[in-house]
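Structures incoming, each one as structure tokens.
Both complexes below contain subunit A, partnered by subunit B and then by subunit C.
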Partner chain A sequence: MSTASDQLNDASSDTAPTVGLFVTCLVDLMRPSVGFASVKLLEAAGCVVEVPTTQTCCGQPAFNSGDTKTTADIAKQVIAAFESFDYVVAPSGSCAGMLKAHYIELFDENDPWHGRATAFAARVHELISFLTDVRGMTDVGARFDGTATYHDSCSGLRELGVKTQPRKLLSSVGGLTVTEMTDCEVCCGFGGTFSVKYPDVSNAIVEKKTANISASEADLLLAGDLGCLFNMAGKLKREGRTIAVRHVAEVLAGQLDEPAIGEGQDMS
Partner chain B sequence: MKPNSHNFKLNARHALDDKQLQRALAKVPGGFVSKRADARAALPEFDALRDKARDIKNHTLEHLDLYLEEFERKVTEAGGIVHWASDAAEARAIILDICVMVDARVVTKGKSMISEEIALNDHLEAADLKVVETDLGEYIIQLRGETPSHIIAPAVHLNKDQVEEDFRRVHTNLSPDRQLQEPEQLVGEAREMLREQFIATDVGITGANFLIAETGTSVIVTNEGNGDLTQNLAKTHIVIASIEKAVPTLEDAAAILRVLARSATGQEFSTYTTFSTGPRRPGDPDGPEAYHVVLLDNGRAELLGTEFKEVLRCIRCGACMNHCPVYHSVGGHAYGWVYPGPIGSVLTPSLIGVDEAGPLPNASTFCGRCEDVCPMRIPLPKLMRRWRAREFDKGNPPAKQRFALKAWAFAARRPWLYRMGAGLAMPLMAWRGRSAGRFSSLPFVDGWTAHRDFPAPQGRTFQQKWRAEKRKRSRVSQGRGKS
Partner chain C sequence: MPVDDETRRTLNMLRTSPEKAVRVADKLKTIRIVEPTQVVLGEGVYWLYGEAELDTGVCLESVFVIDTGDPDATSGTLRNYYWWIIDNWYPQGDLSGLKRLEIGEDEAFPFRWKTNIPLDASIASGRHHRAD
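Moving on, here comes the complex of A and B:
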């Protein structure tokens, strides 16, 4: 079994793979600590991490609004910025799914970008599944005293098959118990622009989710996608619930200095 | 049925406020979802069967003209008559003509979504025919003057106390003191009322789950036996089916049947699977004297060969809506036309146009569960997204939405501008929200903050902080180099 510090030593070797970190717009803008947690985990897994500055967003807001022209422009920008890395890793199943599964759909088979998008897609991974499935990480060497429940975000689960990987790594966190909530695979109602276009329906869905979260009696809600986490945290806070909400990478990296999502400086 | 899909948002609001409806909908996920999961788990080759079912239907659709002609030939050989209807009006006229020809007064009906699509009941009733729905769910909603809210469980939006109320209101010849609280009592009473109609009927109308080309057979799957009585006790049996119901062979129908009931209700097989080939032959103990099949196009042929053709693989099992968080929240009527849920969100714009049905393909979180459970592997989210693209190209989305998207897209394609804007905005927003850690109201996302708080950002962006981190790291490594 390899530990975080063993793997860190590998990073200095010449064979260390390069990883382009696709930060995702939400992590970049809203919660940079998830980006730093990702860097820490990737370096612990023996990777050399770089963050191309020409990245903005994966393009999903345009893609899911039917604006394929803008989406294709953004896809080209992302592919060009990242295709030189051994791997492209995103701390989000939704964005990684976009890069991996959907960029290819944007280009006609005769378009040279189709080939580039295909080669690019093969290098793209969601953070947690990359750590376990590609880098063979089994023990993160972190500690958290408490009980957590894990929400399976839809794109990660259904587009990329992320299910056991986060649970495997969480089981290596000292002091942490993971308790499953009912319907952990059911959507939280976020859906990107859906939450703004149909706020009432989105709310009805997240209400069921927060009821299941609360019934799990966990102290901490974890997931691998910041969009879902913001939606669930926003609802939990509005309902006055005390459960803390964090991105799974924060716990795995042991980076818990920043207040949990939706919590103020004075409450931390 | 007059479409009301453009009002989805308002319909959804009403549905969310409807306590009776919410009570009924709360039962949907538990029943259908767990039963399907169990049925799937019990059949190791389930996913391989899904592939096979998809391939059968793809092949059929590629040669649909040939298989439909073969079907017609075989029906004719068996003594039946096939009628081709290009749209709803033609189908209605054909069916009414048959009814008039046989001097019918009472028409019994098995469950048929196509008859809903062509609004058949209203048309027949306007011609003074008595139309009786014989599927229990359909019977109940007919008493209420409603339309189905689910393609296999039409009255799933109701609770049993509502049904009791309706039965007491309509079945006035029965004792007012009778017990009617239990589901068995309700079923028993409906059965009693329907028996009389089965005997009195002149024409029995059913839908079809499959049209088998090699034998000219129509197939229905039911759980109540009402379909059999509808088609066997009437002198005239009319099958109303859309053209994509065709499959080449009995084997093919059998293969798809293996995924149909499992996906729909979690049964290995529905209670009745009934094959009908032509009218009663000399020496047959029962069966109708005349057998008609009305083949409805109503926009489907135009979908063949388009980017939406995969929707024609649908076998109407209802699994997509049974697993849809949006359907679970608002029910079927909010979708405003015949087909609700994810399949409705793709099929409705395909059949009645995206100008009317535009909100439906948008009413999805793209959670992907529908595609995950679809026995025919229809990529429903992808098809919904294609309707969004069509809508976008037409300039249909509201101006506010288009402007926001344009502004965002402008910045997203200019990383330097994006970085600069974000680098200025996020620290400011963080400063405003720092002490609470969240906003209870925010302009532009007031829909969100009406129900939820909006978590505050941490401060400087990752890109800003990472630049600082890199400078620090390079100073450290240079320092090491000097020592």
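Moving on, here comes the complex of A and C:
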């Protein structure tokens, strides 16, 4: 049986869309395996992938701290680096949400950059929703024997509407059962600068989240944002829970050579 | 008047963990999460989960911001409140949530309120008469 990705791979390279992969800071610095998994999935979906070396942070930490001047400077750099591609894809709902929903807010309507930011935003997608909604992927051809539960990250869910897409692709992974945790749509407590500004509140939120994860009896926690995943993995580790934590792209791409997040590291 | 993301996260935390309270305790406004069996006078500002019963009898999940005062305080005050209506938080003074319930201001006030964690008698919950 040929999969959607097989069919897409058969397409002529002349018609293959170009994708600029927005790697994100956390993937680049903390978990590069997610970037390689993203490339594998995008190529399987028939895309020609490039990783512009001039890309930087999306500017979200500055934006969330009220520094719109610095954020606008970063936005110009990012737009210039990516506007030649058919699509801009990020393995993070948080960073993709910043590019798609907030860059436009940084420029006055009379500023030429407003038009460039608007055109840019129309081409930006979160990785998994791009694979399903734009490229029509339904089967990734991967295998993972186990039970996973999926956390819906705030920005991906609320800014970009990412909800069914990862579950749809995970249902095509052989051997994998997805079980829903209670309150899977509730924030994990990370929230970028929130966890730094309000550590006690953040800890109370993630404590509830890890209790729900544990109660799901899954042996694997998945999500589409590394910030959330690091936050939950850290708490799970400190609580002595043994559930593995991975970015959803790693499972979908069948790239599981890297130890699960936090494994083999002392996070106490 | 939407509730900002940071406040929303804090309100959601109290809604899912009503046994907890947010305490803003000192001059640096340090925020701590505590689980008191009772909130007493003179311990700064508390954010507490509870319930508001509108004049019409409709009950709303709520978070109440209560100033218990300085250590020598003799009374506490309800400083602010938030209502959870359908799928969103609405701050004090924002009546758009009530409109979603087709409840007029005159039907909502005064409302009775009560916190999940009991208050000391001197800061006892009671009736609130105004929207702002």
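Basically, the second predicted complex is superposed on the first by the 255 of 268 C-alpha atoms of A that agree within 3 Å, B and C clash if a C-alpha of one lies under 4 Å from a C-alpha of the other, contacts with A are read in each partner's own complex, and residues count from 1 in each chain.
One rule holds in what follows: a contact is a pair of C-beta atoms (placed from the backbone, for glycine too) under 8 Å apart; a residue touches a chain by one contact, two chains touch by 3 or more.
Keep in mind it's a predicted model, so treat the numbers as computed, not measured.
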| request: Identify whether subunit B and subunit C fit side by side or clash on subunit A in the overlaid structures. | output: clash
| message | After the superposition on A, what does A:186 contact: first (subunit B), second (subunit C), both or neither? | response | both
| request: See if subunit A has more residues touched by subunit B or by subunit C, and give me that chain. | output: B
| field | Partner chain(s) touched by A:264 [first = subunit B, second = subunit C, both, neither] | value | first
| said: One more residue to check, A:70. First (subunit B), second (subunit C), both or neither? | reply: first
| said: According to the stated criteria, A:32 is in contact with first (subunit B), second (subunit C), both, or neither; which is it? | reply: first
| field | subunit B versus subunit C as contact partner of A:230, first or second or both or neither | value | first
| field | Which of subunit B and subunit C A:201 touches, first, second, both or neither | value | both
| request: After superposing on chain A, check 96-104, 330-338, 420-428 or 438-446 and name the one in subunit B that bumps into subunit C. | output: 330-338
| Doubly contacted subunit A residues - partners subunit C and subunit B | 183, 186-187, 189, 191, 194, 197-198, 200-201, 203-205, 208
| Tell me, which parts of subunit A touch subunit C in their complex? | 183, 186-187, 189, 191, 194, 197-198, 200-201, 203-205, 208
| remark: Residue set of subunit A touching subunit B in the complex reads 23, 27-33, 35-36, 51, 53-57, 59, 61-68, 70, 73-74, 77, 105, 154-155, 158-159, 183, 185-187, 189-192, 194-206, 208, 230-231, 233-235, 237-238, 258-259, 261-267
| Parts of subunit B lying in touch with subunit A, wherever the complex brings them together | 9, 12-13, 16, 29, 325-326, 328-330, 362-369, 371-372, 382, 385, 387-393, 397, 401, 405, 408-409, 411-413, 415, 418-419, 422, 426, 433-438, 440, 445, 447-448, 450-463, 465-466, 469
| note | subunit A partner, complex, touching residues on subunit C are 5-6, 9-10, 12-13, 16-17, 20, 22, 31-33
